[in-house]
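So, here's a batch of structures to check.
Below are two complexes that have subunit A in common, paired first with subunit B and then with subunit C.
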Partner chain A sequence: MASLIVLSLLGIFLLFLGLGKNKKFYAPFGIIGLLIALVLQITNSGQHSPLLENMVQFDSLASVFSSSMLVLTLMIFLLGIEYYKDMPKNVAENYSLMLFSLVGGLLMTSFANMVTLFLGIEILSIPLYILSGSKKKSYRSNEASFKYFLLGSFASAFLLFGIALVYGVTASFDISAISRFCSTHSEGLPPLMTGGMLMIFLGLAFKVAAVPFHFWSPDVYEGSPTLITAFMSTVVKTAGFAALYRLISHAFSPLPESMIWMLWILTFLTLAVGNLSALWQSSFKRLLAYSSIANSGFLLLALLSGDPQSPGTILFYTFTYSLATLTAFSLFFSVKKSSQGSEQMEIFTGLWKNNPFLAIMLTFALFSLAGIPPLAGFFGKYLVFFSAIRQDFLWISAFAILMAVVGIYYYFSVLRFVFSAKENPITIQYPKTSMVVIILCGLLLVILGIFPSLILSY
Partner chain B sequence: MFSLVLISFPFLAALLVLMTRKAAVAKWMSLGFSLLQLALTLIFWHFHTAGGNSFSFFLPWLPEWGINIHFELDGISFLMVLLTNLLIPFIIYSGIYKTQRNEQLLYALILFTQFALNGVFGSRNAVLFYIFWEMALVPVFFILFLWGGERRQSVTLKFFIYTLFGSLFLMIAFIYLYFQTSVPHDFEYTSFLKTNLEPCNQMWVFWMLLMSFVIKIPLFPVHTWQPDTYTVAPYQGSMLLGGLMMKMGIYGLIRWVLPVIPEFSLQWGFWIVIFALTGLIYFSVIALQQQNFKMLIAFSSLAHAGLMGAAVFSLNEYGLQGVLFQCFSHGILVVLLFYFAQLIEERTDTLILPRLGGIKTPAPVFSLLLLITILGSAGLPLTNGFIGEILMILGLFSFQVWSSILGVFTLVGGAIYLLYAYQRITLGETNPLTIGFQDITIREMVLVVPLVLLVIFFGFYPQPLLNLTEIPVRELISNAFSSH
Partner chain C sequence: MEPIQTAIRVVPLEHYVILASALFCIGILGVLFRRNTIIILMCIELMLNSVTLLLAAFSAYHSDPAGQVFVFFIMVVAAAEVAVGLAILVMMKRNIDSIDINLLNRLKW
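Right after this comes the complex of A and B.
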C-alpha cells in the first residue's frame, strides 16, 4: 500500500520537476523513488490484511508480482536515461506516465474487489495510450496510439459488462463473495455468471494479447517508441497475468468446465498463431511482438493447468521472459540508432565482429527466450510443462513443445545475422547505464537458471 | 566427490581458457588441461578396477522438485567418460597448428563440450541428465555456426532444430515418468527403474524417449541432418559429433530406455532392429557412391550407427557389450579418419576421391597408417573394430539369425567402400595434385600413432574395456528382462 502512495506521489513530483527543464534529474529521482517503493513493498510483505474497505489486499502473491514489476520498471528507467537523452521536451511526462501505469499494474496484482480490478486496468492502460503515441511527429506512433486506444476501450467495455453481469448474479463486487458463490454453485453456475466470466476473461485476454485478441499487439509494438514497447511487453504482461491468475484462483474457483475449455482454445490458438506468425517476420520489433504473444501462450498453459505451483511458475516465467526481452530491446535500440533507425533484423549483421560482448549478451537473451539450459528461460518452460503434465494436459503440452521448437527457429534466425561473416561497418555506442542493465539481466538469467529456487521459494 | 571433480574440471578449464589473452597460450593451455583430465580419468580407472568404486556423488539441488545433483560412474558410464576424455586431447591437438579465428572461444567451447558430455554420461538424475544433454548441443552448435564451411548457417540450424525437437520430447517423457514414481516423486534414475507403467502409457513414453535418442545417433529414417552437418562442420566439430556426440544417443538408449521401459523395448525391439538394419544397408550403398571423402566418412558412420542401434535392441549381453565396445573403437577410428581427411585437404585442397590417387609413392608412412585405420573401420580381425562388430553380430545372432546375416553386411560393405576409397586415395597413378604429397610429419604422428596403436592394442587385448562393462551390462539385462 505504501508503495502505491509513494509511486503516485513520485509521478506527480516528476511532473512538477518537468517544469524546471533540467532533464538530468528526472531519471535519478525516479530511480530513487522506485527503490524506496521497492523496499517498502518488500518490507511490507508481512502485512496481508485487506485495506480500504476490502478493496485491495497485498498478500504474498501480490507483493512478489509487484516487486518484480518494480524491478523491471527500475531497469526501464535506467535504459530511459540513454533513450530520452536526445528528446527535447516532455521527458518528465513520459517517466511519470510510466509510473502511473505501474500504479495501475500494482492494483491489478492486488485487487480484492472487481472495481479495483477495473480501475487498475484503466490506470494501467490510459497512460499507455498516451505513451504509445508519445512520438508526436511519427505517423506510426500516432497510428499505434489510436489503434491501441480504440481496441483497448472496446476490451474495457467488455470487461465492465462482464463485471456487471457477475454483480447481477452474485450481488457483490467482492472477490471472496464471488468465490463463495462459485463454490456453493459448483455443480452448475447460472448462464449469466458464465457469460460474465467469459467477458471478463476476454477483456483480460486483450491485455495480455492472447489470440484471437492479439491484432493490436504487433502494430502497437512496432509503432510505439522502443522503450514503451519494452515496458508493455514486460511490466504490462506481468500485470496482466498476475490479474488473470488472481481472478482464477481467488474469485472464480473452481473454474467451470466451459471456462477451462475456453482457456484451452485460447492457449492453443495463442501458441499456434504467435509462434507461426513470428516465423515470417523480418522486423525485429515485430518479431518480439509475436514472441510476446507466443510467450503469452505458454503462460496461459500454466494458468490453464491450475496447478498449486502455478503462481510460482507464472512469476518465474514472466520475470525471466521480461529480463531477456529487456536485454533484447535495449540492444536493439542501440544498434538501431547506429544503423539509421532501421528496424529490420539485418541491422544485427556482423554484431559479433563489431562488438562481441553485445553479441554474447543478445545470444544469452535469445537462448533464454528459446529455453535452452542452463539459462533461466529453460526452467520457465520446464515449470510450465511440468505443471501442465501434472494436471494431465498432455496433448496441449505436446503441442506447446512443438511450438517451442518453432520458437527456437525464429530466435536463432536472429543469431544468423549476429554471427554472419558479412562485414557491417557500424560503430555501436553503448552507454554505461544501459550496460549496467544488460549485465544485470544477463547475470540474473544465469543465476536464476542455476538456482531457480531463489524465486520459486518465495 | 571424485566424480564431481572429474565432471566439473573441464568447465573450470574452459573458463580459464576463455580468459587468456593470447590465442597460442589458449590452445596449449586447453591441450594441457585436457591431458590433465585424461590423467585424472586414468587414475580413477585404476581405483575403479581395484575397488569396484562407482564414485557416487549426491547433492540436493532442488529437493522439493526431486532434482538432485547425482553423479555415478558405473562401468558403462565410465567407459563413455574414458572415451570422451581420451579423445578430447586429440581433437584439440588436431587443430593446434592451424590458425583459426577467435581461438580462445573455439577451445573453450571444445572444453565446454567435454564438460557437458562428462555430465551426460555421469548423471543419475533425469533433469540433470537433460540439462547436460541440451548443454552439450550449445557449444557444438557454435563451433559449427562460427567455424563451419559453406552453407553452415542453414545446415547448422537444421541440425540444431532437429536434435532439439527430439530432446524436448525427452523432457515430456521424463516429467511423465516423474509422476509415475512412488511418492514423494523424484527424478532419480533408481526411482525410474521401479516405475510400473500401464502398457498404453508405456507406448508413448517409449516412443518419445526413443525419438530423442535415435535422432541424436542418428538411425534411419531420422538421419537427414547428419551427412550435411558432418560435412559442413570444421574438422574438430566433425570429430566431436562423430566421435562423441553420437555416443550420447547410444548411451541414452542403454541407460534410459532399456531398463526403464523393458517390456516395450522387448516388444518393439524387433521393428527397431529392422529399421536400423535397413539403414545400415541403405547407407552402405550410398557410401559406396560418395565422391567426397568426408561425406563417405559420414555415411560409413551412419552405417556403423545402424549396426549399433540394432545391437542395442538385440537385448542380450553379447549385443550390449559389443555396442559399448564399438562405441569406444568407433570413436577412436572416426577421429582418425577425420584427421586423415583434414591432412589430405590441407595438402591437396580437395577431398574429391577421383582427383586423388597415387599418394602411396610420395607418402608411404601416411598410406600405411591410413590403411590400418581403414582396416579398423572395416572391422578386420586384430583391430578394435573387429571385436565390437563380432560381439554385436553374436548378439544379433542370438536375437534373430537373419538379423545377424544382415549385420554381417557392415563388415562386407564396410570393407568394400572403405577399401575402395583407400584405393582411390593412395593407389594408382600419381597426378599433378598428389605428386608432391608430403609424407606424414612428426607433429602429425603425435596424434596418429598413439591412436593407431590403440586401434591395434584393443584389437589384440580388448579385456580391460570388456571387463569394465561386463558386470553392469549383466545386471542391466538380468534386472530388466529376467522376468519376461
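Right after this comes the complex of A and C.
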C-alpha cells in the first residue's frame, strides 16, 4: 500500500520536475523513488489484511509480483537514461506515465474487489496508450497508439460487461463473495454467471495477448518506441498474468467445466500461433512480439495446470522471461541506432566479430528465451512442463514441448546473423548505464538458472 | 431511493438485461464495421453505457448501492479514455490529414 502512494506521488513529482527543463535529474529521481517503493514493498510483505474497505489485499502473492515489477521498471528507467538522451522535450512525462502505469499494475496484482481490478487495468492501460504514441511525428507510432487504444478500450468494455453480469448474479463485487457463490453452486452455475466469466476472461486475454485476441500485439510492439515495447512486454505481461492467476484462484474457484475447456483451447491456439508465426518474421521487434505471445501460451499452461506450485512457477517464468527480453531490447536499441534505424534481424550481422561482449550477452538472452540449460529460461520451461505433467495433462504438455523446440529454431535464426563470418563495419556505442543493466540481467539469468530456489522459496 | 427503486422494478429484470445486451451488440457491430474513427469511438462509448444501464438495474434489484457507485467509476474512466483517444486522433489527423480507419495499415503482420 505504501509503495502505491510513493509511486503516485513520485509520478506527480516528476511531472513538476519536468517544468525545470533539466533532463539530467529525471531518471535518478525516478530510480531513487522506485528503490524506496521497492524497500517499502519488501518490508511490508508481512501485512496481509485487506485494506481500503476490502478493496486491495497485499498478500504474499501480490507482494512478490509487485516487487518483480518494481525491479523491472527500475531497469527500464536505467535504460531510459540513454534512450531519452536525444529526445528534445517531454522526457519527464514519459517517466511519470510509466510510473502511473506501474501503479495500475500493482493494483492488478493485489485486487480484492472487481472494482479494483477494473481500475487497475485502466490505470495500467491509459498511460500506455499515450506512451505508445509518444513519438508524435512518427506515423507508425501514431498508428500503434491508435490501434492499442481502440482494441484496449474494446476489450475493457467486454471486461466491464462481464463484471456487470457476475454482479447481477452474485450481488457483490467482492472476490471472496464471488468465490463463495461459485463453491455453493458448483454443480451448475446460472448461464448469466458463465457468460460473465467468459467475457471477463476475454477482456483479460486481450491484455496478455492470448490467441485469438493477439492481433494488436505485433503491430503495437513494432510501432511503439522500443523502450515502451520493452515495458509492455515485461511489466504489463507480469501484471496481466498475476491478475489472471488471482482471478482464477481467488474469485472463480472452482472453475466450471466449460470455462476450463475454453481456456485450454486458448492455450493451445496461443502456443501454436505464437510459435509458428514467429518463424516467418524478419523484423527483430516483431519476432520478440510473437515470442511474447508464445510465452503467454506457456504461462497459460502453468496457470491452468492448477498445480499448488503454479504461482511460484508463474513468477519465476515471467521474471526470467522479462530479464531476457529486456537484455534483448536494450542490445537491439543500441545496434539499431548505429545501423540507421533499421529493425531487421540483419543488423546483428557480424556482431560477434564487432563486439564479442555484446554478442555473448545477446546469446545469453536468446538462449534463456529458447530454454537452453543452464540459463534461467530453461528452468522456467521445465517447471511449467513439470507441473502440467504432474497434473496429468500429457497431450497438451507434449504439444507445448514440441512448440518449445520450434522456439529454439527461431531464436537461433537471430544467432545465425550474430555469428556469421561477414564483416559489418558499424561502431556500436554502448553506454555505461545500459551496460550495468545487461550485466545485471545476464548475471541474474545465470544465477537463477543454477539456483532457482532463490525465487521459488517465496 | 425507495420510489426510484420501485419505479425501476416496474420493468422486469430480464428486459433490462436484453436491452443492455442489444445496446452492447450494436456497439460491437459499430466498432467492427464502421470506417470513421469518431463513430467507432461513439460505439465504444455505447458499449460502456450499456454496462452502466445494466449495473444500475441490477443494483436496484439487489437493493445494493455498490453497483451504482461502480457506475461513477465507469464514467470517470470513460471520460479519461475518450480524452486520450481524441488526443491520439488529433495527432493522427495532423500527420496524415485523415481519420479513416483504412489508412491504418502500414504495420502488417
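Here is the rule we go by: the second predicted complex is superposed on the first by the 458 of 458 C-alpha atoms of A that agree within 3 Å, B and C clash if a C-alpha of one lies under 4 Å from a C-alpha of the other, contacts with A are read in each partner's own complex, and residues count from 1 in each chain.
One rule holds for everything that comes next: a residue touches a chain if its C-beta (ideal position, glycine included) is under 8 Å from a C-beta of that chain, and two chains touch if they have at least 3 such contacts.
Predicted model, so just to flag it, every value in this text is computed and none were measured.
*Asks:* Just subunit B (first), just subunit C (second), both, or neither: which does A:Tyr317 touch?
*Replies:* neither
*Asks:* With the two structures laid over each other on chain A, which partner does A:Tyr411 touch: subunit B (first), subunit C (second), both, or neither?
*Replies:* Touch status of A:Tyr411: no partner.
*Asks:* Between subunit B and subunit C, whom does A:Ile130 touch in the aligned arrangement: first, second, both, or neither?
*Replies:* In the superposed model, A:Ile130 contacts subunit C only, not subunit B.
*Asks:* Regarding the shared-chain residue A:Glu122, is it in contact with subunit B (first), subunit C (second), both, or neither?
*Replies:* So A:Glu122 only meets subunit C here.
*Asks:* More subunit A residues touched by subunit B or by subunit C?
*Replies:* Result: the larger residue contact count on subunit A belongs to C.
*Asks:* Just subunit B (first), just subunit C (second), both, or neither: which does A:Phe161 touch?
*Replies:* The second partner, subunit C, only.
*Asks:* Quick check for you: in the superposed arrangement, does A:Glu143 touch first (subunit B), second (subunit C), both or neither?
*Replies:* In the superposed model, A:Glu143 contacts subunit C only, not subunit B.
*Asks:* For subunit B, which residues count as touching subunit A in their complex?
*Replies:* Listed in rising order, the residues of subunit B that touch subunit A are 62, 64-65, 127, 130-131, 134-135, 138, 145-146, 153, 157, 160-161, 164-165, 168-169, 171-172, 175-176, 179.
*Asks:* Could you please specify the touching residues of subunit A with respect to subunit C in the complex?
*Replies:* Residues 115, 118-119, 122, 126, 129-130, 133, 136-137, 139-140, 142-147, 149-150, 153-154, 157, 160-161, 163-165, 167-168, 171-173, 192, 215, 218-219, 222-223, 277, 286 of subunit A touch subunit C in their complex.
*Asks:* Across the complex, what residues on subunit C touch subunit A?
*Replies:* Going through subunit C, the ones touching subunit A are 17, 20, 24, 27, 31, 37, 40, 44, 47-48, 50-51, 54-55, 58, 62, 64, 66-67, 69-70, 73-74, 77, 80-81, 84-85, 87-89, 91-92, 95-96, 104, 106-109.
*Asks:* Given the complex with subunit B, which residues does subunit A contribute to the contact?
*Replies:* Touch residues, subunit A against subunit B: 352, 367, 372-374, 378, 382, 385-386, 389-390, 394, 397-398, 401, 404-405, 408-409, 412-413, 415-416, 419-420, 452-453, 457.
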